[in-house]
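Chain lettering (A, B, C, D and E) follows the sequence in which the chains are written, and residue indices restart at 1 in each chain.
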Amino acid sequence: MPETPAKLTVHDLACARGERTLFTGLDFELNVGQLLLVRGGNGRGKTSLLRLLCGLSSPLDGEVRWRGDPIRRTRDVYHREMTYVGHVNGVKDDLTPLENLRMAAAIADRPLDEAHALETLKRMGLERCLDLPARVLSFGQRRRVALSGLVVAGALLWILDEPLTGLDVHGVALVETLLCQHVAQGGMVVMTTHQPLALDGVDIVPLMVGELSAAPGGQ
Amino acid sequence: MSIAWFKYSSPATFYGLAGKLVPWFGWSAGILTLIGLYIAFFLAPTDFQQGEAYRVIFIHVPAAWMSMFIYMVMAFWSAIGLAWNTRLSFMMSRALAPTGALFAFLSLWTGAFWGKPMWGAWWVWDARLTSALILFFLYVGIMALWAAIDDRRRGDKAGALLILVGAINVPIIYFSVKWWNTLHQGASISMTKAPSMASLMLWGMLVMAIAAWFYSIAVALYRVRGIILERERQTEWVKKLLEARS
Amino acid sequence: MTALATHYDPTRENDSFSPLRFLWTVIRRDMLLAARRRGDWLTSQFFFVMVVSMFPLGIGPEPEVLRMVGPGVVWVAALLASLLSLPRLFAEDYRDGSLEQMLLSPEPTVLVTLGKALAHWCIYGIPLLLITPLLGVQFSLPAEAIGVLVISLLIGTPILSLLGSIGAALTLGLRGGGVLLTLLILPLYVPALIFGAGAVDGALSGIGYSAHLSLLAAFLVLTLMVAPWVAASALKVSIE
Amino acid sequence: MPETPAKLTVHDLACARGERTLFTGLDFELNVGQLLLVRGGNGRGKTSLLRLLCGLSSPLDGEVRWRGDPIRRTRDVYHREMTYVGHVNGVKDDLTPLENLRMAAAIADRPLDEAHALETLKRMGLERCLDLPARVLSFGQRRRVALSGLVVAGALLWILDEPLTGLDVHGVALVETLLCQHVAQGGMVVMTTHQPLALDGVDIVPLMVGELSAAPGGQ
Amino acid sequence: MTALATHYDPTRENDSFSPLRFLWTVIRRDMLLAARRRGDWLTSQFFFVMVVSMFPLGIGPEPEVLRMVGPGVVWVAALLASLLSLPRLFAEDYRDGSLEQMLLSPEPTVLVTLGKALAHWCIYGIPLLLITPLLGVQFSLPAEAIGVLVISLLIGTPILSLLGSIGAALTLGLRGGGVLLTLLILPLYVPALIFGAGAVDGALSGIGYSAHLSLLAAFLVLTLMVAPWVAASALKVSIE
């Protein structure tokens, strides 16, 4: 384990898409056992922020640091300790759920405990879809496969872009439990959602992205 | 020196500098072209083998040279841009591409024009002709890639990568075709029959080549000014400039 | 329910086989996916066969003409077959989000591009080599020329996959990707085409073919060293 | 106007996907001024049902009727009076929001009132995106474009598959208002959602799809 | 906020121009979208030029050989250019959901497939006709042969678009669709290729070309009557 404690810090971050500056001067710090809840109306730049945090795009200005080092420099350490689930699931249509987890683990260069993976899939309510290719699964079921991958990866930092889309009430409750447990075990979460969340006893760091909405209407 | 370099690599100052240079290069290009054409059509004697048709050479050769040279300049700017992420160098290579393509097309066009009386065919699949055609395709590909990408940052970098890869390819094409039997080379030797005629032709070609250079510089600078304005239109200095103008 | 695994395992980091293992993972993954799409790679080979067989229909049946154009036609068809399958090299992974996950892997991205290009070659290039002798016979090429044709394709097809990966990365997610890819990549393919078809012509006319083949091999080495890096940069630019 | 009153009836409908029978013997009736709320966990067949109702796929058994006639037979009448917004938006990436609406209207063979369309887009919070191609819009903004199309179409029957996904709170409130108004004006709605809905004074017909969930876990 | 428009307008239904108007809407829509993708259709034309130019590189530069293979090469390239652009005929509309919306239009689906095939021809076929004379010159074809080549393509390219729309509808949403499409459609293209290239060969050898051209025209009429219906059924099946 590296000496420096696990910590995600953001310094003076700015992001522009096209002609438009989405946000500037963003500063925050996320420690072990905390959940950063990114809020903001449609099109405010939540997804853009999360992609910056992952290192998938590079900021207009400022820096993202993991354990004190810029993620540009210590990319491999950082990517070994984080997982990202975006708007699209990263689920291969031609593979069954279990194969999808296996593949994801291999690509992320992580060992996979097959029994644990299977059990996770079942807990996520995919028991009856285990030998269907992901192509025929419903919208919510595919989302569940992606979230199972997240659980199985066992990473320290989770970055989740609207993980609740398409989930039914049971699914939402399940995700809430997952989040609580993860944070309680010393994990870290960065997430966005437009739905209400019931996270009792979780240390939530709220973050508002983009200008404050002037009028109801999202923009 | 180095301070001046950095100063002029900022788009705002470069815009002004380019504005001053454009007329100079433009006018010189025009005057040199007139001189060159005068030599070409009035001073240079008729070639007794090729007749009047050979006069195409005064456009054909400078155009062919320019098309290759401009590609290399674009590769240079792209390498700088990728290495140091300087905005201006990407703009330069964008400004140069259409001119390069134009010259590549000109050399093809004039060459084909010349080929009909010389070889009896508009086009033969000869090494040099083919490589000139490929160069033209490279230009078109680069411009198509730029056209397809809306995001400016992505377009700049993707275009630069393609230009560099293509640049590795240009000499390869050039040498590889040596293994092919070629028709193009022989013609150029037959020109240098009488030394006096050759020297006059050489001068004409040289003048035309310099004119092509100046033209390229002028047009590229003119175009880069447009690109700067478009890209920096949200900055203060451009807003002021536009206000002052209107 | 979830047990937080060790987040950072220093023993793995010093594992010097790790890049090779990851490369193999990427190749295996693409081959598994290709195997799932039953018949997908087979159809690509069919395309090759069909383009080659289309020519006698368009050109006419004279054997001498066919023998003359044969090597060129086979090479151009190989080139088109690779071009046709290339747009999908990254596109599907991009659409379903798994390409992002690959870029988020701790291993370097250049291994992803190299691995995917190699997998492409295994899936599209190798079967093509096995079919070629048959097509050579169709064009009544002599045995030696067929041998040279196969060798030239053996050296040449990896070049097609590697250079193609650059084009695929550059045009990722662009509208009109497939055609644009062709436009970008065909000029880069020219040397391979000239050396490759040239070698066979050399064998046919008795001039000799080793010079062409060694140039082709040199081109392969160059591509192998340059293409994965360029493709990786292009991929990062495209995905931003 | 045809004599028969607007009414959507479903008789003994059954649907199978692959090997699996999703539901059988579904019967219901929807009248003017009513909203059919289709509920059910992930993968129960809500989307499949909605596509059956649209006539996009054909049932294993049973029949869907509009104004008393099977929709197979009176396809053009039915399609003139309904609009569908599915999981995917039907928004063209290369067109601006307004052009998208124009195109959708032309395809649906409906006249478009440009001023009304523009106003609707603004009301849906897309004022600042009016001259951006849909490609660069955020997830929620694209959803809003699709919903604007729905409003502008002015059809009698709306069929909506999870219209709330990706919308922020303002967006959700907006959609709720739209639904209430539409129903109040004598419109009809068939929709699914996993999120809670505040529809005061609306005549809601609830419908549960698939077997009752045995255990929490969605499946 | 929303005013419920008239849901059902009997005057519109009896409008006998409505099918034509709708057809025109579909064509215009696709052409607008193509225009938005600046350079997209241009690149498709370049693909055509490039494939044609690639052959002499592989075959060698002898003018007599090139003159012999020229018409065949141009026809095969036209065929490939159309094949390459076909997978996108429905695929993008399918992915973003607007194809569903088109099927939900009150107008008959056959107008959608016919309109999209015609738009495809306008975008890909017509510019190709304009380039062909230049390529004919490159292969040093005589003027009459070039004329026949252009006419054969004028009759032949709509066939390619129409037949292609069937293939595109059948393979919609299938993995490996592009190659599968090729596999399905190339055999259907063979008659067009034989009559088309045959006409030019007839002109070159002085045998005459009108028989070939009339056969080609008959084939066009046949396709025009059958293809849109088949494509419409295929589309409905694919989208279920």
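Keep this in mind: a residue touches a chain if its C-beta (ideal position, glycine included) is under 8 Å from a C-beta of that chain, and two chains touch if they have at least 3 such contacts.
Source: prediction; values computed, not measured.
Q: For the chain pairs B-C and B-E, which is connected through the larger number of C-beta pairs in contact?
A: So, comparing the two chain pairs, more contacts are at B-C.
Q: With centres defined as the mean of C-alpha atoms, identify the chain lying farthest from chain C.
A: D
Q: Which chain's centre, taken as the mean of its Cα atoms, is farthest from the centre of chain E?
A: Centroid comparison gives A as the farthest chain from chain E.
Q: Go ahead and note the Å separation of the Cα centroids belonging to chain A and chain C.
A: 35
Q: Quick one: chain B and chain D, Cα centre-to-centre, how many Å?
A: Roughly 57 Å separates the two chain centres.
Q: How many angstrom lie between the CA centroids of chain C and chain D, rounded to a whole number?
A: 45
Q: Using mean CA coordinates as chain centres, what's the gap between chain A and chain D in Å?
A: About 30 Å separates the centre of chain A from that of chain D.
Q: Mark out which residues of chain A touch at least two other chains, giving numbers and ranges.
A: Touching at least two other chains: 18, 87, 93-94, 123.
Q: Which residues does chain E have that touch at least 2 chains other than itself?
A: 37, 39-40, 43, 46, 50, 57, 60, 175
Q: Taking each residue of chain B in turn, which ones touch at least two of the other chains?
A: In chain B, the residues touching two or more other chains are 137, 140, 144, 148, 150-151, 180.
Q: Residue numbers of chain D touching chain E in their complex, please.
A: My answer: residues 1-2, 6, 54-58, 75-77, 79-84, 86-95, 103-104, 106-110, 116, 120, 123, 133, 151, 153-156, 177-178, 181-182, 185-187.
Q: Write out the stretch or stretches of chain C touching chain E in their complex.
A: Per the stated touch rule, the residues are 37, 39-40, 43-44, 46-47, 50-51, 54-55, 57-60, 65, 68-69, 71-73, 75-76, 79-80, 84-85, 87-88, 92, 175-176, 178-180, 182-183, 186-187, 190, 193-194, 197, 201.
Q: Once bound in the complex, which stretches of chain E touch chain D?
A: 1-5, 7-8, 10, 12-13, 18, 22, 25-26, 29, 32-33, 36-37, 95-98, 100-108, 239-240
Q: Of all residues in chain B, which touch chain C in the complex?
A: 82, 134, 137-138, 140-141, 144-145, 148-149, 151, 153-154, 157-158, 161-162, 164-166, 168-169, 172-173, 176-177, 179-180
Q: Considering the complex alone, what residue numbers of chain D touch chain A?
A: 17-18, 40-45, 47, 87, 123-129, 132, 136-141, 143-144, 162, 165-174, 194-195, 213, 216-219
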